[in-house]
Each structure stands twice: as C-alpha cells, then as structure tokens.
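After this come two complexes, each holding chain A, first together with chain B and then together with chain C.
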Partner chain A sequence: MGYELSKEQMNEILSQLKEDYLIYAPKCFQDGGRFSDTDCIRYGEINKIEEIVFDKKAEYSFKEVLLPISQTLFYFTEDSVKEADAPKQGAIVFLRSCDLHSVKRLDEIYLRNGFSDYYYQRLRERVVFVLMGCQTAFDSCFCVDMGTNQSNEYDMSIDRSENGYQLDCKSNQLEKLLSQYATNNLSVTPAYVTETKTRVNIPSNLSYQIGNSNMWREYDTRCINCGRCNFVCPTCTCFTMQDIFYTDNEKAGERRRVWASCMVDGYTDVAGGASYRQKNGDRMRFKVLHKVLDYKERNGYHMCVGCGRCDDICPEYISFSHCINKLENGMKEVMEHE
Partner chain B sequence: MDMNTKSLKKNAFRVTKERGITASRVRIPGGRMEAKYLSLIQEIADTYGNGTVHITVRQGFEILGIPFDKIDEVNKLLQPIIEGMGINQQNGGSGYSAAGTRNITACVGNTVCPYACYDTTAFAKKMEVAIFPNDLHFKVAFTGCSNDCGKVRMHDFGILGMTVPQFEADRCISCQACVKACAKKSVQALSFVNNRPQRDESKCIGCGECVLSCPNMAWTRSKKKYYRLTLLGRTGKKNPRLGEDFIKWADEESIIKIVKNTYDYVKEYIDVNAPGGKEHIGYIVDRTGFEEFKNWALKDVKLPEIAEVTHRIYWSGIIPK
Partner chain C sequence: MNKNEYIPFLSEIVEVIKHTEIEYTFRMAYDGEVKPGQFFEVSFPKYGEAPISVSGIENGCVDLTIRRVGKVTNEVFEKYVGDKLFLRGPYGNGFDVDDYKGKEIVVVAGGTGVSPVRGVVDYFAKNASSRKDMSFIAGFKSKEDILFEKDFEFWRESMNVVLTLDAGEETKEHKIGLVTKYIPQLKLKEVKEAVAIVVGPPAMMHFSVLALLELGLQEDNIWISQERKMCCGIGKCGHCKIGNQYVCLDGPVFRYTQGKHLVD
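Our next item is the complex of A and B:
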C-alpha cells in the first residue's frame, strides 16, 4: 500500500519505531572524513528522517549492521563461558536496491552454506529493510548490468517527493503504524534506474584459465593491499577469530570475530608459517573471480551487486568495473596460448 | 637623482645594483591568489618593468627592472591585487606597505593536500590581518602537517597542523596499517596490543598518518584542530638555527595572541641601535633569557587543556655576546 507522508509525520513514525528498533541509514559524519575538513557518508543510527543522505552514496555499506565489524561471541574466565548478549532491539535499515540484493548474498553465506550461523541469524531475524529509491545512478554504479537495479524484497520503500516522502509498505506491522498518519492511499513504485554510466561485460566464456593472463600483473604494483575494497563491499563476508586475554586480568577474556580481507597481509597465513597469494595482483585475481565467477558456479548468480563502492574508495584509483571489462581480452590472451 | 631609499623600501620597492632602477615586491599572503591577478602582474612587468618576474622564496612576485619614475603608476596598477587579497593598507592606491614583518607563507594546505590538517592559507590570512603592516622583523610560516613542506622551522614562528586521532575500537579490523604507517612514516607512537593499536600520547605528533592509512574509519580526526608552534628558527650570517618546539596541541586563537604579544616584547627589548631598526627576535631572546620572553608571549593566553608547553628551550649554536 502506498502512502505520502510529510517530514513531520515521518519523524513521528521514526520516534515510535525507535522504541523497538535501532534505525540505521546512510548519514553524514561531519568532519568525519579521512582528510581534514571533509565529511564521511556512512551508516549510523539516525533519529530524524532528514539525517538520511539521499543524494550521495554511502562510502561503506549497511553490512556492519548484520555483520558487526568486531563482534564478541562469548566471554570466558577459568572454567566458565558466557555467550555475548544479542542486541536488545531489532534494526531498521534504510538501503538501496544494490544493497538489498546483497542481503541475499549474505544470507547465502551465513544461513545456507552448510549450516546456519547462530550469531548472524539472531540479528538477521530482527532486521526490517527500507528500500531507498534511486532516481539516478551515481557515476560508478553498474547495478543494471548486474541485475540488481530493482528489488521487491523490501518491507517498506521510501522516495523523496515534493511534499515529503512516498512510501510503499509490504509489512503488516509497519502498515498499522503508517495508516495512523496516512494522508493518501497511492500506488507507489520505488524509483529505480534503468541505465548507468559505468557498464560492465562479464565474458560468457570466463573460466579459471583467466588466472594465467598477464592482466593481473598490473595490480602487483598498483595495489597497496589496504583492503578498503573489501571493507566497503556489501557482499564480502570474511572474518577472522581473535581470542583476547584482558591485559588487567589474563584469566578472563573474550572471543570475537572481526572482518577480514583477502587483500590484506595475513589472510592466507596457515599453521607452519606458510602464506599464499603474496603478490597483490594474485589477491586482486582471487577477489575479482570470487565476485564474478566462482560464487556464481556455486549459487547460480553473481556475487557482485554493482554498487561501485570499491571503485569509489580505492586510494590508488584501481577500478573493479574496469578490471571486469579487461576479462574479455584476458580470456582471448589465455585461449591463444592454449 | 634624488630618492628616499627608506621610503622606497617601506613601499615594497627595492634598491637594486642598477642606479635608478627598482623592483616591485608583490606579497601573496598564504601563497594563494586568484589567477586573474597574474595578468596584472604581467601587465606591470611588460609596461613598466623589463618584462621579467622573479618568483620569490617568500611566496611573492618581484617585478624587475622598473625605473624610479614609474613607481606611482605601478602602485596604481597594484591596487586591485592588494584589495583582492584583503591586505591591510594605510592609504589606498599607494602600493604595498612593506617593512620588517615578512610575507606570511603557507604550504598548499588542506584544500588540496590529503596530509594537511588545516587550511593553511586561511590561517595565514587571519595572521596577516592581525599583524600587518609592521616594522619589526618577524617571520611567520604555516605548514599543514608535520612533514613541514613549508620549512616553518626556519621562521620565528612556525605553525604545523595537528589532529588528535580518535579511535573507535569496534571499527578496527586489526590490519595494523596504522601501526606500520606510524612506525615507518612517523614516530612509532602506536603499538599493537590485543589485536588493536594502542596510542602513546606522549609520542604522538598528531600527523594523521593513522587516520589516512586506516581502511575502515576506525581512526578519524578530532573535531578541533590543533597546532604545533615552533620558535625562533632563523637563517642569516650570525647564527642560523632551526626553530624548537614551544607548544604542542596549541589552538588558533592562542597562536595569534602569542605572536601579537611578541611584538610588545620586541618593542620593549629590541636593541635601539640595531641596523635599520631590525633585529632577529632570537637574538633578543638570547639577551633577555627565554623565561622573560615566555612571560610576555603567554600573557593572557588561554591554551587548550591538552596543550604542552616547553618550559626551557635550548637552541643550537653559539649565543653571541
């Protein structure tokens, strides 16, 4: 059911929702950018609808809500262990179509990849998704080519309109709340883009042979293995485990899991001191092929959702989409040498 | 030919090797100007000078080869530049007022450079308004970060940008990029304890390398901007030396106040027989002792709580008798 609500009405609804939910949305962290006197748009808790940034892309995705960057799993001391509490409240997440498509990828890894991850599931069950419509694509977006430009998997959608906000609600619970304020009953379809400036072409003959191409060598020197591309990616799901013994009392501690990156040193360290993919180009190859080849072989659809954040964040101006577009020539190169 | 060389110099013109020929010294405070003024400088050089310009060490243009009798015309043409850059001027149309206090220089600063911790030109211009024009020999320079591209330690007052790095532990992914950056590029203020960086506040110089290297915004900049103030560096024949740290984590207001206070101190203690009425502040401090200087400089200055003041400074070199 579609609604149009004023800013004031939206804020009343948010304040009611805040009783049961933490509300996360892309917002502006003023002077919170990497460089001085710059802002950072990323996810954070909001209180008012006007805090949501609609006209810029969040540098980091929403995934930290479902997959906390650093998550304590349990505490231990002597012979006892205590599981870390789940958050008291559920979460409402405002996100765009590409990100909503990435939820399916996260679910695939954490719920349907052999077993269901307890810590993920207990957060996931209590998340409500609000789709933010996209009037136009940002420069680095390539969602149309990845088939992620439109989504119906939302609980509610939101688009800005002349008089406030237009919403399409699919959740009964939210519907009850909205109907208290509804000024109109409209037919609302969330905005979505049908073309993007950045285009990608994933060659149909793409195979692991591409690993023999010289195309990866360029990244040996260009890439600085900082991992920003992984941390901003809404579909990267890797973590590492840390057992911490508190410095004041080493008899107590905690186990936490922390985001990991296949681009950063240490990712492939194994017992005995060995380590793999030392060259940054090899790490790039591993990441790119995971996003557009091997994940699809296992799950039937590409992992990459085309949000373009990795392009935007790279301090060395390495473009993931540009790399994808090199795959076709790379395949020609390796097939010639067959 | 009759020319009052004292007035000539106070009007930002130079006595050159060639009799009757001068050069116009155009100051650009903070080193940045609108490009449109370049065409005015070109016009002066082509019309009244010898068609050449020297780019000066202190971020100015020296328009060369101007005959004495063209000074008035040159000053009229300079007026839009002086007004456009908001330079304190005593009489409109009379050219630059020049004297002992030298152009305030700045590195490119945070409007361009990722490392810079503040807008160096903006601060330089604030300082300009506070202290210009003045006959006393003061050199002030601004640089965005501890790299000191502005070579501010060669000045009486050097201002280096600082930020207090803020750490959000829950955003840290233990990659150690900050620890490595701090060790290799800065002062090894970060150690790695329980998979997270630990900052040694006494070592940290607020350069921001940790913030720049962090891939996940675990490190961010402080809302407030801070500065390191270095003192009494100098070049010259007698006893050149680099400036020493005076205050770490100072604020903008305090720095302006300290520089202004130092003018009062110099007026009190300058050698009345100093050649041209100019004496490097450092030599005066050598005479009065640092304590006396400090009393004057810090008068009514309210430093931020985290500020660290050096209570004794020992410069290198021989103190002249």
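Our next item is the complex of A and C:
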C-alpha cells in the first residue's frame, strides 16, 4: 500500500520503530572522508529521517549489518565454549536497489552454499529492508547492465516527495504502524533508473582462458593490493578466523571472524609458507572472474550488482567497470593464440 | 534454527606419534563417520583454526598429522596424551575407497601429501583381495622427513612400495630422486583400467599427473587432492575457492577431469 507522510510523521514512526529495531541508513560523517576536509557517507544508526543522505552514494555498503567487520562467535576457557549472544534488537536497513540485490548474493553464500551459517541466519531473520528509490544513477553506477536497477524484494520503499516521503509498504507489521499516520492511500512505485552513464559488457564467450591474457599484467603494478575494493563491495563475503586471548588471563579468550580480502597478502597462505596468486594482476583476475564468471556458473546469475563502489574507492583509480570492458578484447587475444 | 557449525567439540589426545622432529601424529578420540582425505578444523591455542587432514582412522580414533611450521602450531606440540584439543568436522568429500575397488591402483604422494592418502593405502593393504596390483610411490625431502616409517614396512608386504628421497644415498629402504622418476618405471597390467591418486605440492602433482598420462592412464581415472587455506570448512570464508569450486565443499578430492580446469 502507498502512503505519503510528512517529515514529522516519518520521525514519529522512526521513534516508535527504535523501540524494537536499530535503524541503519547512509548518513554523513562530517570530516570523516579519506581526504582532508571531506565528509564520508557510510552506514550508521539514525534517529531522524533528515539524517539519511539521499543525494549521494554511500561509500561503503550496508553489509556490516549482516556481516560485522569483526564478529565474536564464541568465548572459551580451557575446556568450555560459550556461544556469543545475538543482538537484542532487530535491524531496519535503508538501502538502494543494487544493495537489495546483493542481499540475495549474501543469502546464497551464507544460507545455501554448503552449510547454513548460524550467525548470519540469526541476524538475517530480524532484518527489515527499506528500499531507497533512485531518481538518477551516480557516475560509476552500472546497475542497469547488471539487471539490478529495480527490486521488488523490499519490506517498504521510500522516495522523497514535495510534501515529505512516499512509501510503498509490503510488510503487515509496518503497515499497521503506517496506517496510524496515513494521509491517503496512493499507488507508489519506488523510483528506479533505466540508464547509467557507465556501461559494461560481459562477453558471452568469457571463460577461464582469459587468465592467459596479458590484460592482467597492467594490474601487477597499478594495484597496491590494499583490498578496499573488497571491503566496500556489497557482495564480498570472505572472512578469516581469529582467536583473541585476554592479556590478564591467557587461558580465556574468544574466537572472532573478521573481514578478509582476496587482494591482500596472506589470503591464500597455507601451512609451510606456500601461497597462491602472488601477483596483484592475478588477484585482480580472481576477483573479477568471481564477480562475473564463476559465481554465475555456480548459482545462475552474476555476483556483481554494479554499485560501482570499487571504482570510487580505489586509491590507484583502477576501474572495475573498465576492466570488465577489457574482457572482450582479452578473450579475442587468448582465442587467437589457441 | 540450524546447528551452529562453528562451535568446536573437545577431543582427547589418545596417543602422540613422533615421526620427525617437526611432524607428529595426534591420535584423537572421535566416534563419528569419517573418510580418508577429509579434514578437521583444529583449534590451535592462541592462534585460531587450521584444516588438518585425516591421516588414519581406527576404532574410535582419527589421526591428525601436524607439522610444526612456525609459531602457530608450536603450542600443539606441547600437548600430551590425556590433554584435549578443540575440533570441528569432518569436512570435505574425502576419498571413496569404492572408486578403487577391484582395480589396479597407483598412489603417488609427496611430503605431507602422504597424510590424506594414508587411510586409502592402509585400507588396501589390509584388504588386498578387494583390489588388483597396487603401487605406492612416496617422496620425502630427506631421511629425517619420512612420515609413517613403520607403516611402510607393513605396506611393503602386500604392494609395490617405492619410498624415495630428494637427495642422499640409496639404501635398501629408500631410493633417490623425485617421485616422477619412478612413475615411468611402473609396470601396469591394464593401464587403461588402472586408477591413480596423486597428492602433494602443486608442482609435484602437475608433473606426476603428466607422467601418469604419458604412461597411458585415463584422465578420468586419476584423483587429486588440493591443499588450500580452509578457514571455515563450510563454504563461507572464501579462502579455498578455485574457479567455481570450493575445496572445502566440492573437494579436497577432485577427479583430474574436474580439477584440471581449475586455475588459482
């Protein structure tokens, strides 16, 4: 059902929701940017609807709500283990269509690829998604080519309007709350873009042979394997186990999992000192093919959702979308040398 | 709610077998179903977890052969019989001995790669009638690096065993040279039907498989096992992914026809 609500009404609703939920949305962290005197737009808890940044892209995705950067799994002493408690509150996440599509990817890995993940599942079951409509695409977005520009998988949608906010609600629970404030019943369709400035073309003949192309060698020197592209990506899901022991009592500690990056040294190290993919270009190849080749072979659709954050964040100005567009020539090159 | 796969269980160390200065086998109490080539995530105190393949299965016990390769595994080497370790698993597909029954078998393994195949070799040493001729080529760097030395005496009774060292002097027990030197010397009766298992460092596996193919074995009859950094063991952490395969879920044992396309 569609509603139009004023700013004041929205804030009353948020304050009611805050009793049961943590509310996450892209917001502005003043002077928190990567360069001096710049702000950072990223996810954080909000109290008021005005805090949500609608006209800029969040530099980091919402994924830390479902996959905390560092997550304690359990505590242990010498002979016993105690599972870490789940957060007491659920979460409401304001996110755009590309990010909502990435939830499907996270679910694929964490709920279906082999075992179901206990810690992910217990957070996931208590997350409500609010789709933020997109009037126009940002410069680096390429969601249309990835087929992620529109989504119906939301609990509620939100678009700014002249008089406040227009909402489309699919959740019964939220509906009850909204109907207390509803000014009228509208038919609301969340805004979505149909074209983007950045375009990508994934060649239909793309295969692992692309690994033999010289195209990757450019990244050997340009890439500094900092891993930022992985950390901003809404579909990167890797982690590493880490044990922490308390300095005051070395026999007690906790096991955590922390975000990991396939671009950073140490990712593939095995016992005895061996490792795979030492060149940065090979790591780039591994990442790119995961996003646009092997994940699809396994699950039937591409992993990349075209949010373009990896392009925005790279300190060496390496563009993932440019790289995708080089794959066609790369395939020609390796086919000629067959 | 589904089971929390990350919570480990305590397992008692039943026996510690010292192979070399740096490689010990910990015989751990474990009662469930397990196959050779599968692995457990072992908690190393003050470090975290590491995947260790099952090197032997005996009533109520699994053998985990662990090499002291640095700070991370040191603490385990201070553990003794009666102490306990946290484990999770078993994970991975492992070797299915049924794939090799009734056939002529070749096993080629290098270094710690002997651990995951030990269960298979042992099975067919004890059940020699369930297979045709069998050869086991095992390579180690030096005399000091040999694992499962006592087992080799037992295995020699029922199969052709080539124990080779990278360097040194040849003796009655061991030959000198890489495993690939001894593959062409194998005398197989029905090479098209024979099956092979190859486990070891990447270069060793690559050249051993080439040598076996050269000999006339069929690609479809060769199995390999991959060593990767399996942090979670359950298809989540991503470290062990090669191409579209997760070594922890789809492997670590692959048919060569499946595994040969995988590029790291």
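Just a few scattered comments:
The working rule: the second predicted complex is superposed on the first by the 338 of 338 C-alpha atoms of A that agree within 3 Å, B and C clash if a C-alpha of one lies under 4 Å from a C-alpha of the other, contacts with A are read in each partner's own complex, and residues count from 1 in each chain.
The rule is short, and it goes like this: a residue touches a chain if its C-beta (ideal position, glycine included) is under 8 Å from a C-beta of that chain, and two chains touch if they have at least 3 such contacts.
The model shown is predicted, which means the values in this text are computed figures rather than measured ones.
By the touch criterion stated above, A:77 is placed in contact with neither chain B nor chain C. By the touch criterion defined above, A:113 lies against chain C but remains apart from chain B after alignment on the C-alpha atoms of chain A. In the overlay built on the shared chain, the residue A:298 is in contact with chain C alone; chain B does not reach it.
With both structures placed on the common chain, the touch criterion links A:255 to chain C but leaves chain B unconnected.
By the touch criterion stated above, A:189 is placed in contact with neither chain B nor chain C. Looking at the superposition, the partner that touches the larger set of chain A residues, chain B or chain C, turns out to be C. Contact with neither chain B nor chain C is seen for A:11 once the two complexes are overlaid on the shared chain. Contacts of A:245 after superposition on the shared chain: both chain B and chain C are touched.
In the superposed model, A:42 lies in contact with chain B only, and not with chain C.
Overlap of the chain B and chain C contact sets on chain A: residues 240, 242, 245, 260. Partner chain A is touched in their complex by these residues of chain B: 110-111, 114, 116-119, 161, 163, 169-175, 177, 193-195, 208, 211-217, 220-221, 223, 225. Per the touch definition, chain C reaches chain A in the complex via residues 1-8, 10, 43, 45-50, 67, 69, 73, 84, 86, 112, 201-202, 227-229, 231-232, 234-239, 241, 243-244, 246, 248-249, 261, 263-264. Residues of chain A touching chain B in their complex: 29, 31-37, 40, 42, 60, 68-70, 226-228, 231, 240, 242, 244-247, 258-261, 264-266. Touching chain C in their complex are the following residues of chain A: 73-74, 76, 79, 81, 83, 109-110, 113-119, 121-122, 208, 211, 237-243, 245, 250, 253, 255, 257, 260, 262, 267-274, 276-277, 282, 286, 289-290, 293-295, 297-298.
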